[in-house]
Every structure is written in C-alpha cells, then in structure tokens.
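A, B, C and D label the chains in the order they appear, each numbered from 1.
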Amino acid sequence: MTINSPVILAVELGPLRLKNPVMVASGTFGYGQEYAALVPLENLGGVVVKGISLEPRSGNPPPRIWETCGGMLNSIGLQNVGLQTFLREKLPHLRPLQVPVIVNLFGNTVEEYGELAAGLDGHEGIDALEINISCPNVKAGGMAFGSDPKMVFQVVSAVRSRTNLPVITKLTPNVTDITLPAKAAEDAGTDILSLINTVAGMAVDPQTRRPRLGNVVGGLSGPAIKPIALRMVWQVIQASNLPVIGLGGIVSVEDALEFLIIGAKAIQVGTANFVNPQVTLDIISGLEDYLRQQGLRDINQIIGTLEVAR
Amino acid sequence: MILRNAQILFNKPMSTELYHLGLLCPDIAVSIQPGQFVMVRIRDSFDPLLRRPFAIHRLYPNDPPGSLEILYKVVGKGTRLLTTMQPGNSVNLLGPLGRGFRFPNDNGFVLLVAGGIGIAPLPYLAETLAAHKHKGPFVLWFGGKTSGDLVCVQHFKDLGFAVEIVTEDGSIGRKGLVTEHLEPWLIQQDELPKVIYSCGPYPMQRSIAEMAARLRISSQLSMEALMGCGVGACLSCSLRCRPPQGAADPHYANVCQNGPVFDGEEIIWE
Amino acid sequence: MTINSPVILAVELGPLRLKNPVMVASGTFGYGQEYAALVPLENLGGVVVKGISLEPRSGNPPPRIWETCGGMLNSIGLQNVGLQTFLREKLPHLRPLQVPVIVNLFGNTVEEYGELAAGLDGHEGIDALEINISCPNVKAGGMAFGSDPKMVFQVVSAVRSRTNLPVITKLTPNVTDITLPAKAAEDAGTDILSLINTVAGMAVDPQTRRPRLGNVVGGLSGPAIKPIALRMVWQVIQASNLPVIGLGGIVSVEDALEFLIIGAKAIQVGTANFVNPQVTLDIISGLEDYLRQQGLRDINQIIGTLEVAR
Amino acid sequence: MILRNAQILFNKPMSTELYHLGLLCPDIAVSIQPGQFVMVRIRDSFDPLLRRPFAIHRLYPNDPPGSLEILYKVVGKGTRLLTTMQPGNSVNLLGPLGRGFRFPNDNGFVLLVAGGIGIAPLPYLAETLAAHKHKGPFVLWFGGKTSGDLVCVQHFKDLGFAVEIVTEDGSIGRKGLVTEHLEPWLIQQDELPKVIYSCGPYPMQRSIAEMAARLRISSQLSMEALMGCGVGACLSCSLRCRPPQGAADPHYANVCQNGPVFDGEEIIWE
C-alpha cells in the first residue's frame, strides 16, 4: 500500500449513501453557508442544518453560551428561521450542491413533528430528516420527549408516517438506559440512529452569584463529553440492528476512528467546527492516511472491528 | 474569511493588564477593515476550548509587511495564557470577521468615544478616518477607571486628535464617567458630528446611544457578546434588536455577523 | 473587613459538623495516609476513604485508567482491603486525627450493605458512612443499584437500620432524573446526599482497536464533568430538604463556590488531588479570601444564594 | 514527598524523539534515589489533565546546585507539549516517588540492561553503582530499534562501563533483540552477576526475568504503568504480583508505590 493508493471512504446507512462518513452536526454549521469560504461543502459526507420548527423561534435570552473545561454549554433555545423561510431562503443555496443535506427538526407536540415532516417531504435537495427529540434546553417538554421511550415512539411514528425520506432519530444522552429510546425509535420505523445530543449542564458566576446562562441550564458539548458519547454509541450498537451515526466531542481523526471502530457507520462533528473550522477536512484526509498506514483500502474494513478481550 | 497561523512578532506589556500583541498575517492584514475582528486560537489544546475575539488595534503595513497589532486586556484564562506566548510562537487566526465601522461621506467633525479596553479598535479607525481627509475637528473622548487605563493617547494626538480624558477616580483628566461630561461639552460645540463612533462597556454604549438619540445624531457602537463561532453559525452572540424593515417582531441579531458595530438605534437596550 | 479578619467556614450537615466544607472524595485519597506528607489531614473538612466491601477485592485487570480531555476514565473495580483489614490496619492511623472520617462502602447485595454498616458501627474514629450505590464499573449489579429508585430505597434502608452513624447516600449521575433516587434515599432515612459519582464512559485505542480500559467501560471524573455535576446538584437541592454534598470536577475555589452558591453545604474534591495534591488547602484558603473580598464573615452567608432572574 | 515548581534550565533535543530536560529543584535532587521518579505537571491547565511520570536521568549537584535531568521520549500529547517549553518556564514536580533500585553488598559484576527509552534511569544508577566501588566488570547491554535510539553511550564508557549494543535493524552493534544475545554471552562469562538491573518495554522485562530465573540470579526491573496519582492513592497502576508472604491470593501491586522497581520474581507475567 503506497502513500497514494486510492482508498474508499464511502459508507451506506440503510437508505442513505455518503461519499465519506464525516458530517457536520446540527446547530454548529448554520445553514451550510457560514463556513463555505473555508469548507467546500461538497467535500463533506453530509450537512445537517440547524434545527427547524414549524414557526420561527427567537430563542433564549443571552448569555447563551459558556465555556467549560474541554467543553461548552449552550442554551440557544432552538432559535431558527422556521419551515417556510428555510424552504424559501436557505434550501435554494444548498440544493445545487453535490452533498447530502439533512434537515434537523423539532416540534412542541407530536403533531408538530408530523406536520414538519410533511412540510419538508417532497422538496428537492433534502436527502434525509433528523429528528431532534433531545434538546435539553427548552423548558416545556424538551427533556421529556427524548427520555421517555413511549414519547420517542410517538414522535418517530408521526414523522415516519408523513415522509418517504430516510429518517434519522437523534437520541439524548440524559437517560438511564440509552438502549430504550433507541429501541423505541427502531420500533417506530426510524432508518438510522444518531447520538449523542448535548448533556444537560450548568455553570455559575461566583462573583455575581448568577447562572452563566440566561436559561440557567444548557447543553454540554465538545471533547469533554466524548467518553460518554462513545460509551452510549457502543451500548446502542450492541442493542440495535440499525445503522448508527456517532457524535459528541469529536475533534480529531483519532476521535472519529474510535466511533467507527466501535461500529458507527458515520460521524458528525459539532463544537470542533468552532475551534478549527477545517477540522472536518482534516478528519477526512486523516481517515485516508489511517487506512493507508494500516494497509487497508476501504473504511468499511474498520467499522465495527473493536476487539474486546474476554 | 481566512484561517491562518500567525507568528507572534512581539507581546509587550503596556501595564499589568494591557498588552500589545504583534502578529504577522499578511492575508488578513490586507483585507481587514476598522471595527472588524479576528477569532484567535491561542494554542493547540482544548483548554481553553473556544477562540477569543479581538479587534484590530493597528496595522503596520511595512514593519514587516502584513503585520497587525492587537491590544488586549488580561481578564481570564485565555488572555492570561496569551501573556505567556513569546515571539516565535504562533497563534491561529480566523478573520476578517463581522461588519466594521461605516463612514459617511460627510467631511466634518469626527468624534470617537472609548471606555477602558474599548480603545482597542479605535487607532485603526482613527487612522482610516484621518486618511479620509475629513475637515475635522478630530476629537477622542477616552474614559477609564484610573490613569493606567489610558494607553495610546499620544498616537491619537499624533494623528491630529484632541484627546479629552475622564477617569472614575479623577487621577487624570475630568473625574467621573465619560457619558456625564460628553453631552454638556458637545452641546457647547459649534457643530455636532453626524456620527459618534464608540466602543466600551454596555452601560456606556447605552448612554451614548441615548444621548445620540436626544441630539438626533447617529451612533456606531462596537458591541461585545460571548461568541462560539464568530461567523454566524452557532447563534450564541445574540443582541436584541428592532425588527428589520418589514418584519414585525424584535429579533436577536448575531453580534459576530450583523455587528460587532451596530447603529445605536438598532439595539433594544436592557 | 480587612485582609486578616477572621471568617467562619464551619458548616453543619444534619448530624455532621465540619470545620470547613472541603472534603476529599472516596477513591482519590486512599485511606488518608498517602498524601499526608503534603496535606495535614486535620486541615480538611473531612476525609472519605476508599470504598470498603465485606471481603477484600482485587479489582479489575489493568489498564485501569485513561486520560481524556479535561477528565479521566477509571475502572479500578473497587479494589479494597476489605472490612477487617480496614478496621485493623487503616482505621488506627486515622482515629487519633482531629478530622471527621467518613467510610465509603458498597456491597454486592442489599444484605451485604446492611452487614457492612453493622460491621462499621460502633468503631471509634468513624464519623459517618457514605453509601456508594453508584459505581458504574462493576459488571454485575453495579449499574442497577443506583439507577433504580426501588433498589436505592432498599440499600439505604438496610444501612439505616444497622447503624447510628450519620448516613450519606452517594448518587450516580447515570440516570434520567436524579431527583428520583434522591427522594428514595430520603424516604429510606439517609441524613445527607452526596453527588455525583463518575459518569459512565469509554475510550478506544485506534492503533490496536482495543478498549483503553481492561474493563471496557469506566467512570469519567475531573473538570470535564463539572457542568453535569452542578446541574444535578441543583436539581436535587430543589427537590429535597436534605443537606447535600456537591462533587464532580472541582479543581479550584471558583468551582467549589459554584456548588456552595447553588446550595451544597459542603463539597468533595476527587480527581483534582492527582493534579495538585494541595488543591484542598488552596480551596480552603481561597474560600476565606472570597469571603473577605465579598465583605462577609460566614460561609453560610453564601450557601444557597444563587440569584435566578425571573 | 515534595511538591515544587522547578525552573527549566535547558530542554535540548538529542534526536527527533529524545530530549534532555534540565530542571532546578534542590529539594528533590537532594533526596531522590536511582530508580525513583517524579510526577510532572507540564503546565497550569487541565488539558492534559494528569501528571506524567519520569525517572531521574542524572543529577548535576553543582551545575547549578540542585539541578536534575530527565531524558524523555516524545510519544503523545504531554511529551509533545513538553518540547515547546523553554528555559525560564517552569514545570511542577511531585517527588521523590516510589521504590528505587536496591544495591546488594556484593562488590562484583555489575550488569545493566536497557531497551530504548529504558536507558532513562540508568545513568544515575550507574553513577551510584560506580561510586559504591564495586569490583566490576561493569557492563551495559543497550538495545534499540535503530542507531538513533542509542543515546548517552559515551557517558557510560566514561564511567568505566563496557557497552554492548544491539539494534533491531542492525544499523549498529549486534542485530536483533537484547534478550536474544544477552543469555549466550552471559553464559560465557567467568562469573555471573548477582543482580541484573533492567529497564525497558514489557516483553523485554519478561524475557529478562525468565532468563534470570533460569540462571538463578535475581533481577531488578523498573516497570511502567498508567498512573493517576503516583503516590498509592488511586490504585490505577496495578501490576499482578505473587502473594506477599503469608497471603494466599495473587494481588495487584501499585507500580507507583511498591515499584517502579520490582524483583522479577515478584511479578506474575501475562
């Protein structure tokens, strides 16, 4: 295997085919345009846009982020332009690109999830839907959807019944047993699972004795949470037959490899985009280098190859 | 928008809290405008995690070509770490970012206002305004807690600015807050400026905006917010603003993208 | 308030009185002797010793730790000398010291917890028991005790009925709703709650494609988890009337203050001891400095003073 | 056990991977024994989080007084970071830690064995043994992947050691592994040493222990393990050992406390 031998990075996740397993995570890459000067979107395995709701949302009062050791808390409050503006103003920029576009969506009720799925269905340029059942920073209901398997089943069923697009269900880590919502989503007909969303957290300013976030509690992301994410992805992979997208704290090709080796078919990069906007490009070329160094030619030869001595 | 390693040329303490950081980064130096900023990754590690936003203090086109200067104040983990960096080390820059100061065609009275570290973006602005050949007068009002906060004053004088100093402890100049002394002074001038350019803490910016509204002049205020990405991708850096034309509801603007320089009238003050 | 005015750091947690709110966490300070050359134990608010079981345990196969970003994973596997050796060889060194000694304990069954409590009761030099219901790295049962409120109730009842010592119940963060085990422990008669124990996590070596830990899954500790710990402590404080000991990722006086401000009556320092063995001393003097700087004279004036705008 | 900031005196690359780090730390220098180690906090941040264990390579009692030297190999995040530290910066040391090499009263044949970076603790050991006025012969067997791994050889020669070199690629000395060549050589010697002192990778240490058992000599092996605390408080650094006298079951020893130097016979090899 020489330094230039071609290697294959393409992966299949049920109905979704990606030219490589490296996507950008919802909420960390805007609607795909913001980083376009630095990251040719067509080089990515996929782009997941900021979560969309039926109506526009103005989000939480600032401050909305706080840096922690190896991570950050956010309580954006799911600010977004709403379905109609997304379709009218954001999607047209993405449509011409040769990159799978995945629309992340969330509702306040089960019905809203269904309506959103219907509203997004049939629009050229959308390749899959990702259901956010897990955002921990919306006060009413946000916590409950993802942590109650019955609600997960309802939400995923509502989306499944209103779209023919591949459906990804994105799980929250704020649960005792991650395999239960995973199973519920599988039973409700999701095609793919992605995890993890942010871990609920908090910070306080000792000088003012006030919470650091306007919303008090927010979601922790970044390298600090990677060991938690990896453990949960591994639990889900052992419990489910569905393809899994792993994310949470990935900042390097080594991190991406950890998720692939335990069996994730693809990964998403979130917070690391802020630290190094070109990190996804580095990871993609790092995967190629790794394969060559290992004398392999196809990324699928390393997916799910964890060796557990026992 | 460019992502580049920039070599540190110098990192000089001006006081215990204020440092001049010289960086070699021709690609950014050539395109950045007054009031725009860069996001700095101080080192290749994840503690601290996020980049830090800094304005461009001055450009030095020839010394060496493509060098730029940041004035930073030591306030926390990131800036403390920055003080340990030495010539030869490098930092990573993302920029130019944001919307800088706008220049009206008017050639008259140029008024700048700075509070504390708010002086940071003003030398580059002042040089640019001076180069625009405004008629003048050129005035900087500069407030600080104490005399040690008042750096770069000579540079403004060299550019032809009159510098009016205010300190909270009265250790130099007038005693009190800039905003207390500025309005009475302004009213006594022969003419009013069309625009006030201002950078400083939130309460000062609010007072400037209110004063500008009373005097029916416009204000260009460089605002701060906690930032995740610096490019409009994360929606962290919200500032409540009046609805854009046509829209009904007030909305959150992104300081990194719609600012950092806002027209005082856009902002809904808390 | 001058730089030398005396300030009061003493706190009361139900039946437990501490000269200051800064303790060392179980498993990170051995049996109290290991750091004695650097930390006069009598300066501490309390010493929690390594978890004790009825019989000695040899622990998990190495590797047992792995460093992560801002944290570390451990799967020590609860190695310990066992009750009898503890009483015979370890306690005598601690007994003469003017510092509250808290014995952390765990069993494989509800009965074992009860027997341990009985075995520790009545020995001079033990000031409280801390029940570890939460260690995530023991394969059989370890996860279940702490995450099932019914089991928590049984375990705490078993201990409560066999000892007159103050009982602290230490909660696991690996649950959907931390207030449920907290309530169960309260109902079963615990005097004090402490949280959090480690967060379950995992890491993989991309070169060997093996888990980094002999036990595959381990517990994440250190500054990375602080935001999670703080959020959970806050949830428990709002839901319970018991005194709460906060821990998880504390490395500085600012961190300690965050926990106290949200209402923890005391804190424990774990992983940070490895990074800076004298961190507890720094925190204690830092608390004094903070009080002086704020013009206060008693640490109780800041406990539970979080201002939530609303 | 002492906790001290130590100023960096020098940080010199010996090859792309190996560095000599000079530190000023009189309190530790005065008390540390050959084979003991220090836990180094490379900087005041939490990434990397844990301290890194390093042996003492040499002491320099007079240059300046109280200085010590570490030989480190760049293998990961912490050691990479260490290469960026400059004279004038400081690191934080915890030490002396662990149980070092023991010296029998015997005055005969002194045999040291090093594999790769396992050379690190041996110069200080060699100096101490030489000062003990052993009769000799003094021999170091030193194995590496390639010639570039073989640093400090001259220093051993200056101390009166014969140095036998083995490289895996045969670029210098014998070709292969130390453990292949050592036993046949030993058997041909007039006398056997009472003890073999060895530091190197796990498989080498195991071979040395097995050879020592065959030849009925004892071995003192400096072992490695991932370490949390370095002082016996966390039980991370386990090594499976034979039961201590009286006890029935094998147990996990702490490398940081019961070692890092173990008698080869104590260890249960995997």
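One rule holds in what follows: a contact is a pair of C-beta atoms (placed from the backbone, for glycine too) under 8 Å apart; a residue touches a chain by one contact, two chains touch by 3 or more.
All values reported here derive from a predicted model rather than from experimental measurement.
Of all chains in the assembly, those touching subunit B and also subunit C are A, D. Note on interfaces A-D and A-B: more C-beta pairs are in contact across A-B. Subunit B and subunit D have Cα centroids lying 55 Å from one another. Averaged C-alpha coordinates put the centre of subunit A at 46 Å from the centre of subunit D.
Rounded to whole angstrom, the centroid-to-centroid distance between subunit A and subunit B, based on C-alpha atoms, equals 36 Å.
Subunit C has its Cα centroid 34 Å from the Cα centroid of subunit A. Shared interface positions of subunit B, i.e. residues touching 2 or more other chains, are given as 46-47. The set of subunit A residues touching two or more other chains comprises 68-71, 222-223, 251. Shown here, the protein chains touch in all possible pairs. Contacts from subunit C toward subunit D in the complex involve residues 27-30, 34-35, 37-38, 50, 58-59, 62-72, 74, 76, 79, 222-223, 251, 271, 273-278.
Subunit A meets subunit C in the complex at residues 68-71, 73, 147, 174-177, 199-204, 206, 208-211, 216-217, 220, 222-228, 230-231, 234, 249, 251, 254, 257-258, 261-262, 290, 302, 305-309. Interface residues of subunit C facing subunit B in the complex, by the touch rule stated above, are 69-70.
By the touch criterion given at the top, residues 45-47, 81, 84, 86, 89 of subunit D touch subunit B in their complex. Of all the residues in subunit D, the ones that touch subunit C in their complex are 1-3, 41, 46-51, 92, 94, 225-239, 249-252, 257.
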